[in-house]
Amino acid sequence: MQTINSTALVQQYFRPKLPTIWCPGCAHGIVTKALVHAVRELDLDPKKTVLVSGIGCSSRATGYLDFGTVHTTHGRALAFATGIKLARPELTVIVISGDGDASAIGGNHLIHASRRNIDLTLVVYQNGTYGMTGGQYAPTTRTGQITTTSVGGHVERPFDLCTLAQAAGATYVARSTAYHFDMLSRLIVKGVRHKGFSFVEAISSCPTYAGRMNGMETGAEALTYMREHAVPYDGTGSVAQGKFPIGILHESQAPEWLEVYQQQVIGR
Amino acid sequence: MSTSAKDDGRDVRQEQVLDLPEIAINRKWCKGCGICIAVCPQDVYTADRDGKPVIAQPDLCIWCERCDMYCPDFAINLAGKKLW
Amino acid sequence: MSLTAPPRRKLLQGNEACVEAALAVGCRFYAGYPITPSSEIAELMSRRLPQAGGIYIQMEDEISSIAAIIGGSLSGAKPLTATSGPGFSLMQENLGYAALAEIPLVIVNVQRVGPSTGMATLPAQGDVMQARWGTHGDHPVVVLSPSTVGEYYSLTVEAFNIAEELRVPVVILSDEVVAHMREIVDLPDPDEIKLSRRPQPAVPPEQYKPYATTSDNLVPPMAAFGDGYLFHVTGLYHGEDGFPTNDPKTASQSIRRLHEKLDRAADRLMLTDELLMDDADVVVIAYGSSARAAASAVQSAREQGVKAGLLKLKCLWPFPAAKVAEVAQRAHRILVPEMNLGQLVGEVERAAAGRAPVQLLTKVGGELFVPEEILKALLEV
Amino acid sequence: MRREVRLAGTGGQGLILAGIVLAEAAGLYDGKQVVQSQVYGPESRGGASRADVIVSDRAIDYPKATTPEALVVMSAEAYAKFGKQVKPDGVLLYDSELVQVAAGPAQTFGLPLTRVARDEVGRAITANMIALGALVELTGIVSKEALEAAAARRAPKGTVDINLSAIRKGYALAGAAREVVV
Amino acid sequence: MSLTAPPRRKLLQGNEACVEAALAVGCRFYAGYPITPSSEIAELMSRRLPQAGGIYIQMEDEISSIAAIIGGSLSGAKPLTATSGPGFSLMQENLGYAALAEIPLVIVNVQRVGPSTGMATLPAQGDVMQARWGTHGDHPVVVLSPSTVGEYYSLTVEAFNIAEELRVPVVILSDEVVAHMREIVDLPDPDEIKLSRRPQPAVPPEQYKPYATTSDNLVPPMAAFGDGYLFHVTGLYHGEDGFPTNDPKTASQSIRRLHEKLDRAADRLMLTDELLMDDADVVVIAYGSSARAAASAVQSAREQGVKAGLLKLKCLWPFPAAKVAEVAQRAHRILVPEMNLGQLVGEVERAAAGRAPVQLLTKVGGELFVPEEILKALLEV
Amino acid sequence: MQTINSTALVQQYFRPKLPTIWCPGCAHGIVTKALVHAVRELDLDPKKTVLVSGIGCSSRATGYLDFGTVHTTHGRALAFATGIKLARPELTVIVISGDGDASAIGGNHLIHASRRNIDLTLVVYQNGTYGMTGGQYAPTTRTGQITTTSVGGHVERPFDLCTLAQAAGATYVARSTAYHFDMLSRLIVKGVRHKGFSFVEAISSCPTYAGRMNGMETGAEALTYMREHAVPYDGTGSVAQGKFPIGILHESQAPEWLEVYQQQVIGR
Amino acid sequence: MSTSAKDDGRDVRQEQVLDLPEIAINRKWCKGCGICIAVCPQDVYTADRDGKPVIAQPDLCIWCERCDMYCPDFAINLAGKKLW
Amino acid sequence: MRREVRLAGTGGQGLILAGIVLAEAAGLYDGKQVVQSQVYGPESRGGASRADVIVSDRAIDYPKATTPEALVVMSAEAYAKFGKQVKPDGVLLYDSELVQVAAGPAQTFGLPLTRVARDEVGRAITANMIALGALVELTGIVSKEALEAAAARRAPKGTVDINLSAIRKGYALAGAAREVVV
């Protein structure tokens, strides 16, 4: 990996739309930087690369990036991306989604994209809440967490999105955090290179809501949280209470949808 | 890494090799979140009234890149060719 | 067995005609979710598309189906999906996206009896107003409605062409009757089929603004992803550059342009057939399957000395208000038979504006009008 | 002139195909206008099956058969459901081994369609073609040439002859039966 | 600080008034999915409901939100959900289910600018036609629209009562302005709040037919699950016994009854306010936030000698056609200001039927009408 | 378990609506019988029991059964059931769904119901196709299978619904087949007794479409297929190619939603 | 199981104890799918022209309940109290 | 009479709460009609914050402030955005340590709101209450009794006194400043 050099990254891959609408300290900016860093590493041609997002703070990322970009409807980014990819297979298609976008309203598209194994890469900006609408609980909100709709502590269990994607059939499943920037970037690189559907969970933050309501006002505290709770994946996935594994959690080979379709259906 | 080695296939001697980065802060993009200040292991920065970083002790910088890496707003850039 | 059939004459089921037309006009991408009485379209597409090098994919639901065809359109395809009422309801949110982002695409809604699951195998015309107003917010949409298998073919061709020419989602509202019956269709020669293509950017990538338009028809040129143009597409209000805006003026201009775009295409979108209208006193205004019974009734009425005429609407939305107003000026009476409890009749009344009395005939419960029912109303004084 | 016929029985008897063949005979070879339709729905699965064909010289406005001039019934259920809808002076053609028919205003022709298909043509599934042949013999709704051309067109590879021979059996059976009735 | 506020006088935000009214009228179940500008309703409900022993649940999307409240209603609850345009579009399929199966429930749609994501934080009145026609097939629905925080409260109470009395889904179409502003509301005494309850079966379980009705209002008594009555609920057309039917006559009767049910409740559903209408020559017909600017304009016009009046509609659907026809008879001119490109104006024109010219004023792009805009139109000759 | 005694079952629990609309030999009838058999074993009071289904051939089952029954919209049965249960917690709520209903259009509700752990029991009639609409491919259709929309053989991989439900958080996950009638019935009994969300996959058939197009014309052949391909779960889930495990595949304890909500949120 | 044992808590002797079930076939509900015929290990049934079961060899029945269990249409009932 | 005021600054300064207190003063204690509103949207997060209050004796039809007679600005950004919208003869009240104000048609009052809050009242967050006190002193849009009652009602437990003293500081500061201006 080369040095960050934010200015060069911005010049090469961003539209003149900065600053972002994100709140001070929101890690969505860091995750986006890691993503673009990966794009540079991959040396993707922006003209042959399409970034697709849903609706949410995280999903606003596409507006800043100088590629073919689509800001779709809430939860539907993967479904749009499916059409974009199938109608023009030579495109590299990367999907940016929030945890709410990808796993609340968009949960069905997530599991079906995982199952179908079309060559897409999904990066979920996971901050455990619906930032855009004001910090309500999400399917990723931890039990006991305080949100604007669970002021006494959340009663549900969260999804483990990686486990879910894998069970649904995803052939590449990885997790990192904004804090583990280099690793995150590397995992995205590998995800894009992987032939088939790649799922990357990027632990992000929401200082304004999730942070403030749970004693982590600042973006820096959120980074510290990530550092302290993430543990490298050891091949078993078993981690101490409250911790979570990061790394490539699953990798397997399965026929890519378009390849099979072209050979077996069109080629028939 | 040695200074005489080639890097990126180009002859490193043609570029200006530094042992300190040039830290550029884009105050328009900076939102004063304080991350750079908090993550800097060397206390290079202090905060101004808006929480935005002021380069207080540039010489202490060890070019660890954390501030550049973690600034969520692309507001810090470390320029220069690392010496090591 | 010396007989030979004319080479391009075919007996086709309605849904089959739709598929053949779509293929003929260049559709190479289909994403859908099966539902009665539209499933033949999916089934035939799944076989016919790969033969033409195209792609058929079944999505997990109708929401993702329309999302996928929007995506396909962004990659340059002329895409199709087909559904029926329940699925059409689910498509509404993304239909609004397509309208706002000006994505050419075609949706077939084979109407069955609603609301809800209703009566899945019986015909109705209950989705006429929904096709116009089903999604939230002001939005333009074009809606065509065939009454014969031959029209199902020709209007499918039209649908794709209109979608491409105007960058607008086009809905084909057919119904269970026209979808499932078989009629003779003389397929046009492939060379004679008009193949419209969305306007292409005339400027180099650096100058391209995806929603800037200089042409009179107000349709902005549309690049496809992968063509070398970098641009942003969003369901937020956006300026000419495609980027979100909250500026009231820009927002107002852009939503007004979308509607003005269809206004300017009014002639293009005025698709009507007239039967014995020249001297008609009593005019039936009908569409879809109901128009067939109406045609029969009008002819019978003439035989019984009543000056009846039929104005058949093949494009329901934009509604041909001027045409109807003109009819109302001349006619003594207007009859509107609908296989619903009264939907398009509202527009007819509005356009007639009291110039001629408008009488609604309703038929619900899954049955077609029989000609006698309309005839009876025609003969009333 | 508008003419309507209906073929009704159970799924698997090939009546929809028969309807299509008849429609193609009229539309592709006799140059007529034609509408063929059938019932869909939960009931169509394994259960009842029905095909209507309307043939006319001019455009067919109303696309549904209301009072068919000829009805072919190949199951008791179909007879119960549609037996009364045939035109008073119309033709009611039935498989005499599957259906029992009561006297009515229509002319009734009981033919052992399935048995002849099985025993004489050699394949039970050709009963539908025998029925078509008989129907055309009795009604002339399409020309025999057209019927045969249409049947040949739709017949799966290698089955043209057997289908044509079934149709011709139909002509013969119906011809004989008509003489009895007349 | 000797001042004391009247005990039931409160400064409430619009969405807060809605929540307080829902609780006061007996709502104890909320299922929803957050969306701007409705999210305060969810947030307040999540806190207030458990205090009253009720349940708040956030579902995975809007489709499941309305599904869950239909379920809650079947278990006897008076349920609520709240959303905005995009979510309302997604609810359409199940809204049709609720209409056909006659499930009492209340949906708040806080309108923002559409179509699609549009402008999420700015007000509009763009979902008026969708609220009537958004789902496939003929279906009845009641739609109320508040223009003040006080009305938001009282119409929420009305919405629940109408839903229960008529077994019909009721939509409250508010908008970002009335949802987010704070006004003074004098809360009614809890004892004075009407608490309607769906009619209960008068027969023992063996004789109960869930869709049989003997009363004049055509509303069938509704048992709740767990009350000892066994019955079937379906989105298929069904007879009085609740079981699916494909019989055209039964089907036709049942869908006609659903509409007739609302026709018979016309008086109950005629919710209008009149301002200076007695001798008005120029009448503004308005609703929601636009009606506020209209009221101001009408008063100013009077000051300038123009006999202006305001007919404010608080129930948009069923549309008070008879009332409007009567107004059109008397007035010289009708003005319809809408924060859309013209939606309810169609119904006004239809009802006016040429008796008085109808002029549409549109305002889009996320801005409210200012009184001067309407005043200007009032002063024109 | 007692003897079947279909007539008694029908008399006690069915409405006078038989015969069903199902095709000859369709195993949906057998699965329904196993379900009702379980209801008898559980001695559920029909007045306190609600059966909820979606849309599909399988989902027609509710119309025949004399309980509180709801035939909802396609895919949404679990969401309706959630409201029914929450608004009246004393009801026993059982959901009947097809594989298409539960895992195509309804996949999102499946994973969220699994995660939330509300005390519902879901029985999926899994026949690997959309029977009701004419036998198109479903998310459960096996690779290579012929359907009306994959006449040359299906190119996608199917979901393993049990794996998916478990990954999403279901605390009781079981599979049986129409052929393994007694076991199926027992697994449903246990599922209903389990506190929390229970997922039961009942392998069924569609002779008319899936069967006919894949060389299994008759209902009897489908039963043979089930007998030959199902293997008892051995605790690992590893089975020979083409086989599938049956039995209780996963069972765990987690707080039931309503219980926690009542204690921690209402009780606060 | 022995005939004298109590079953279901009721005295089994009060009911008619049989070694053969009474097989009842509801021909109205039966759709002729042939499952019963196929699953019967004893060839008790043959098929009529519609594929519906005809009880051909009742004496061979071993009361295994398969026909009752697998008939998808609730069209077969085995009545009686099992002897064992 | 219809009167409009606007409070603008950045998030965290408590201006929305100040708007609510003012509105409750008018509506609950002075018996007036009142509409309070604020801006929502992406911008509202951490960024700009604004509260409008309209007070009137009769029903308030149009619910948005158009040309406020008094504007309180507590950030440079807010001044840039709204500074020109205040009525020509209106009151422009600003935090003299945060905002620089150019000459304009309105009467301007620069008060060291935040500094006084921090240094004299003892809590920086009470700057909003000082602003309210000053605003009321200068405009009389509500009665002082009403303002104090409303502030006491909304003040978090144990902070009633400090809030009231802030308000009174506001009266005093504004009173002094007015004398300078006049």
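Chains: A, B, C, D, E, F, G and H, in written order; residue numbering restarts at 1 for each.
In this text, a contact is a pair of C-beta atoms (placed from the backbone, for glycine too) under 8 Å apart; a residue touches a chain by one contact, two chains touch by 3 or more.
Keep in mind that this is a model prediction, so the values were computed, not measured.
Under the contact definition, chain C and chain G share the contacting chains F.
Note on connectivity: the fewest chain-to-chain touch steps from chain E to chain H number 1. Most remote chain with respect to chain A, judged by CA-atom centres, is D. Chain C and chain H have Cα centroids separated by 56 Å. Per-chain Cα centroids separate chain C from chain D by 36 Å.
For this pair, chain D with chain H, the centres built from the Cα atoms lie 88 Å apart. For the pair chain B and chain G, the distance between mean C-alpha positions equals 85 Å.
Looking at chain E, residues 36, 56, 60-61, 63, 86, 93, 97, 116-117, 120-122, 234-236, 246 sit in touch with two or more other chains.
Shared interface positions of chain F, i.e. residues touching 2 or more other chains, are given as 23-24, 55, 71, 73, 105, 107-108, 112, 139, 261, 265, 268.
Annotation for chain D: residues 41-42, 46 touch two or more other chains. Looking at the complex, you find that chain D touches chain C at residues 20, 23-24, 27-29, 33-42, 59-64, 66, 145-146, 148-149, 152-153. Listed in rising order, the residues of chain F touching chain A in the complex are 105-108, 111-112, 115-117, 139, 152-153, 155-160, 163-164, 166-169, 254-255, 257, 260-261, 264-265, 268. Taken together, the chain E residues at the contact with chain F in this complex read 28-29, 31, 50, 53, 55-57, 59-61, 63-65, 67-77, 79, 93-94, 97, 205, 224-226, 228-236, 243-244. Within the complex, the chain E residues that touch chain C are 63, 84-86, 88-90, 92-93, 96-97, 99-101, 109, 111, 113-122, 124, 126-127, 129-130, 132-139, 234-237, 246-253, 255-256, 259, 340-341, 343, 346-347, 349-350, 353-355, 364-367. Put simply, chain A touches chain B in their complex at residues 2-10, 14, 18-20, 22-30, 33, 178-179, 181, 207, 218-220, 223.
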